[in-house]
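Alright, structures below, take your time with them.
Okay, so chain A shows up in both of these, paired with chain B first and chain C after.
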Partner chain A sequence: MMSDPMIPRQYRISRVRRETADTFTLELTPVQDEGTFSFAPGQFNMLYVFGVGEIPISISGDPANPRTVVHTTRVVGTVTRAMGTLKRGDVLGVRGPFGSHWPVEEAEGNDVVIVAGGIGLAPLRPALFYILSRREKYGRVVLLYGARTPEDILYRRELGRWRAQFDLDVYVTVDRATGGWRGNVGVVTTLIPRAPFDPLNTVAMVCGPEVMMRFTALELRKRGVGADNIFLSMERNMKCAVGFCGHCQFGPTFVCKDGPVFPYRRVKDLLAIWEL
Partner chain B sequence: METLERILAEHPFFAGLDARHIQLIVGCATNVRFDAGQFIFREGEEANEFYVIRHGKVALEVFVPGRGPVTIQTLGEGEILGWSWLIPPYHWHFNARAIELTRAIALDGKCLRAKCEDDHDLGYELLKRFAHIVEQRLQATRLQLLDVYGVHS
Partner chain C sequence: MTQAQTFERFIFDRQYFLSLFEALTRRGYCVVGPTVCDGAIVYQELTSPDDLPIGWTDQQDGGTYRLKRRNDQALFGYVVGPHSWKKFLFPPRIRLFRARRTERGFNIVLNDVASPPAPDTPYSALNDPPSGISPSIPIHPTAPKFAFIGVRSCELHAIAIQDKVFLGGAYVDPTYKVRRENAFIVAVNCGQAGGTCFCASMNTGPKATVGFDLALTEILEPARHYFVVEVGTDRGAAVLQDIPHRPAHIEEVQLAEEIVARTARQMGRQLDTTDIKELLYRNYEHPRWDQVAARCLTCANCTMVCPTCFCSTVEDVTDLTGEHAERWRTWDSCFTMDFSYIHGGSVRASAKARYRQWMTHKLATWIDQFGTSGCVGCGRCITWCPVAIDITEEVRAIRASEPNHKEKTDGNT
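Let's turn to the complex of A and B:
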């Protein structure tokens, strides 16, 4: 599908959705009819705001819908700030999809526990769509989601819908509660000890700030989930996205090419090295 | 029928205790229930119990002038609520309020403290279990303090 991975294709914003005060979702469709956009859950695109810059953003849409490319982004820097001002009809450059993916096929026959922190729910959303569309192939499916405050919870409506399903266990917690919040308060790792999954037959997919993933992996290990069955999505300074430039080097790996999804065993020791 | 003895003996917190110690603990235990919104204990009050939550959800709150009650943690089914009964001067440091109908087993701290003084093996076993809970909550609090989802420059 991609002729030159370094050349962005033009995509038009077909919909903008405000998720939280600093997070928004863009739905993109190709300016020229280029057929369909296929990706695997966990992969990312390079999004180019013309005249401002290019950044890596995980794909957060449904892999079964190849007509629309969906990205949820948090405003944290110059490019995302500019992206946040774009409106329906504006055009972006898109390169991708790039990188490794969540082991959704390998997880078949097992329980699946998805642990997301903050904006980390966005890269896991395609995995959830994928798994729910083949629900009978998995054991228990559990989503543990931690946000900063109730106001920072992403995809509220979807979470409510998922929670209402009888075949998905959804637990949401916030680090600090305000107002009339009646849900859980505490870090997401506190949900792990009593979450309903069989640790010996579980594949865990984890995405969030690195420190959150480190402690989540430790808690999952404590619960008995094997190091080979825990997968983390790493984030580094991806620039070329094809393993040439070296900006995203993480020890012996390039996050853009070898990741962003890594088995915990592969990155466990690297996570402890400050200089990386 | 589920007896208190059986419930406590099967609870992970008490796992590994011998039958004699379970008997001693059961002697200090009663079933309790709290309606949604009801305070279980309040900051500054004497801490003479701890609770094994069987069902429901409890918020640990601290009152912040100008902000009102702020929830710092919630506890749910299977979790242990309260350790101030074990540490002088035996006063609660937070409010605990049931967010929903909550059923629990209350353990009389005064009764247990006396039994622990008489039987140091029991005291040591309980302390080991509470130290584990305190360690877990300390780790969680440290992670909470990091504000990992905030924007950091």
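Let's turn to the complex of A and C:
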């Protein structure tokens, strides 16, 4: 019988890492040895918690390590909550990888600006891994990251390491300062005017809440980045990820197969339509 | 009078309709077709031609459907009812898999894509969410093999449209594929148009031109009741061999052509599709959406009856012990709030946004997505809307409001 794209494969949790109070990272390895799992930065998987439900979650690991599948998830509802209670050794269902990817190859020879809001850093992390492993092929590489509070900052250790690297500019801002935060306060778009990149030779990759992406794209355009060089990753309800269920429609596009990563030019007008 | 013969069409008499049933049953087909049930003509499993809606017709208009007696014994003297063939190819509810918890995980114990749909699923129950586990559903090792009797031209187009969704992309839906490949299609050319039909505007009818194994035109004369048959496939030719038939005379063929030509002139509605995609794309913010939303009950009837609507939801459920889980796929509708829900709320919270999504999808975005209109002009959404919202009227209103609009005058009135 032909394979059914709605049937998950089983993956065992090999590691659980608490990132913040409501966010955790799972590392998964296949239960049946399937060899390798290859994906492109920006793609996602459908993760199934036994009996509870299935949701789209971006792949946030290093594409150069095809033996482990990494996902960072924020608890917001039924399935994410159940997923958050899973432990090392437990099994999840995985379907994927699905969708379009960040233009990491096309960006070679250019400056790269990565703008992330909140959990939006997760789907951009594979792009950073990819670019940093071929660092000499790119111009300046800038990461602009906004979190709600300092406690919500993801991948702290990595950010620390990346910050110390002189070939990567990392700017972090928080919406609300707490504790001893002495860094930037304000939305991530406020970092764009001062960020060091050459707008005419820049590829921008943006992921975060929809409003954040809209304003980020406008700021980038204001600095002179071309609409064809800005890429956004869209979120919509997804029930299948393979183009059958219709839930992910965004105007004429299906986010699961035409996206989630779109060139800004393709979605600019759609983003302006209310309740599309 | 000497009658010239043509070998492209054949004739069989009404009395041999039973032979068609027998030929199909003998080949292992489950014969499904129209029958009268609870005041409507629906599609169900049939045991003989006696189950067909003999002598019935339907009267349709916005928000109204009524069965009436005809003054003849026509088998196909009605138009289309609330059902479409999609319920057999894309079942309203189907279990995609079952799984059992194991010590440190789970096993997918069964993938019964080949199990038959429940053709008798009550229409009203189509929206019920699965309630827990249903171990009583039998598992059939073989895929269902349906023969559809009485498929209208618009419905052939609707099937071709769903083929693009489920078979034409990077992923193929095995549930649909196996049913579709097995299906034997007996089309019927429409002998009359319904009050809400507009297939002529959509170029999808009333004559069946592609996608059938056999196509019939029913001819009722005072002294004779017979069918003019067109063969679409070798499979169709083989079945015809089992029915007593003869080549048609040219007059019979002409009569059949005349019948569909007359039907085309009788269309209850029309829809001007000129630049329809661009028209709707430039009118996302048109005030007409507010007006239609004020009437729309967001009941989702239009999507359930539409032969091309393909949206579904996927539900994962467990039994009380938590040991067994199942995944079900159920028809869904863009008219529900949950449909577009993401953390923080539904993307399309207003009725306006949901009606606009539906109609714009049917007539505009579908063209970008699948290279074809998502509407075949069958009129079901108009007939079965409790408040008689009419897709042709909505397009007309938006078109008429444009500054340099000119009334299109073609033959279809």
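To be clear about the criterion, the second predicted complex is superposed on the first by the 272 of 276 C-alpha atoms of A that agree within 3 Å, B and C clash if a C-alpha of one lies under 4 Å from a C-alpha of the other, contacts with A are read in each partner's own complex, and residues count from 1 in each chain.
Everything below uses one rule, namely that contacts are C-beta pairs under 8 Å (C-beta built on N, C-alpha and C of every residue); 3 or more make two chains touch, one makes a residue touch a chain.
None of the values given here were measured: they were computed from a predicted structure.
J.: So, does A:R221 touch the first partner chain B, the second partner chain C, both, or neither?
T.: neither
J.: Would you check which partner chain A:V76 touches, where first means chain B only, second means chain C only, and both and neither mean what they say?
T.: In the superposition, A:V76 touches chain B and chain C alike.
J.: Would you sort A:K268 into first (chain B), second (chain C), both or neither based on which partner it touches?
T.: Touch status of A:K268: no partner.
J.: Between chain B and chain C, whom does A:M212 touch in the aligned arrangement: first, second, both, or neither?
T.: A:M212 contacts chain B only, not chain C.
J.: Looking at the overlay, does A:D4 come into contact with chain B only (first), chain C only (second), both, or neither?
T.: Second partner only.
J.: Looking at A:R140, would you say it contacts chain B, chain C, both, or neither? Reply first, second, both or neither.
T.: A:R140: touches no partner chain.
J.: Overlap of the chain B and chain C footprints on chain A, residue-wise?
T.: Of chain A, residues 76 contact chain B in one complex and chain C in the other.
J.: Over in the complex, which chain A residues touch chain C? Could you list them?
T.: The touching residues are 1-8, 10, 12, 31, 48, 50-54, 76-77, 89-91, 93, 235-237, 239-240, 242-247, 249, 251-252, 254, 257, 273-276.
J.: List the residues on chain A that touch chain B in their complex, please.
T.: Chain A reaches chain B through residues 22, 76, 117-119, 146-148, 152, 173, 175-178, 181-187, 189-190, 194, 208-209, 211-212, 215.
J.: For chain C, which residues count as touching chain A in their complex?
T.: These residues of chain C touch chain A: 96-97, 99, 101, 104-106, 108, 111, 113-114, 165-166, 169-175, 177, 284-285, 310-318, 322, 325, 327, 329, 332, 334, 338-343, 347-350, 352-353, 357, 361, 364-365, 368-369.
J.: Which part of chain B faces chain A closely enough to touch in the complex?
T.: 57, 59, 70-74, 76-79, 99-100, 136, 139-140, 143-144, 146-151
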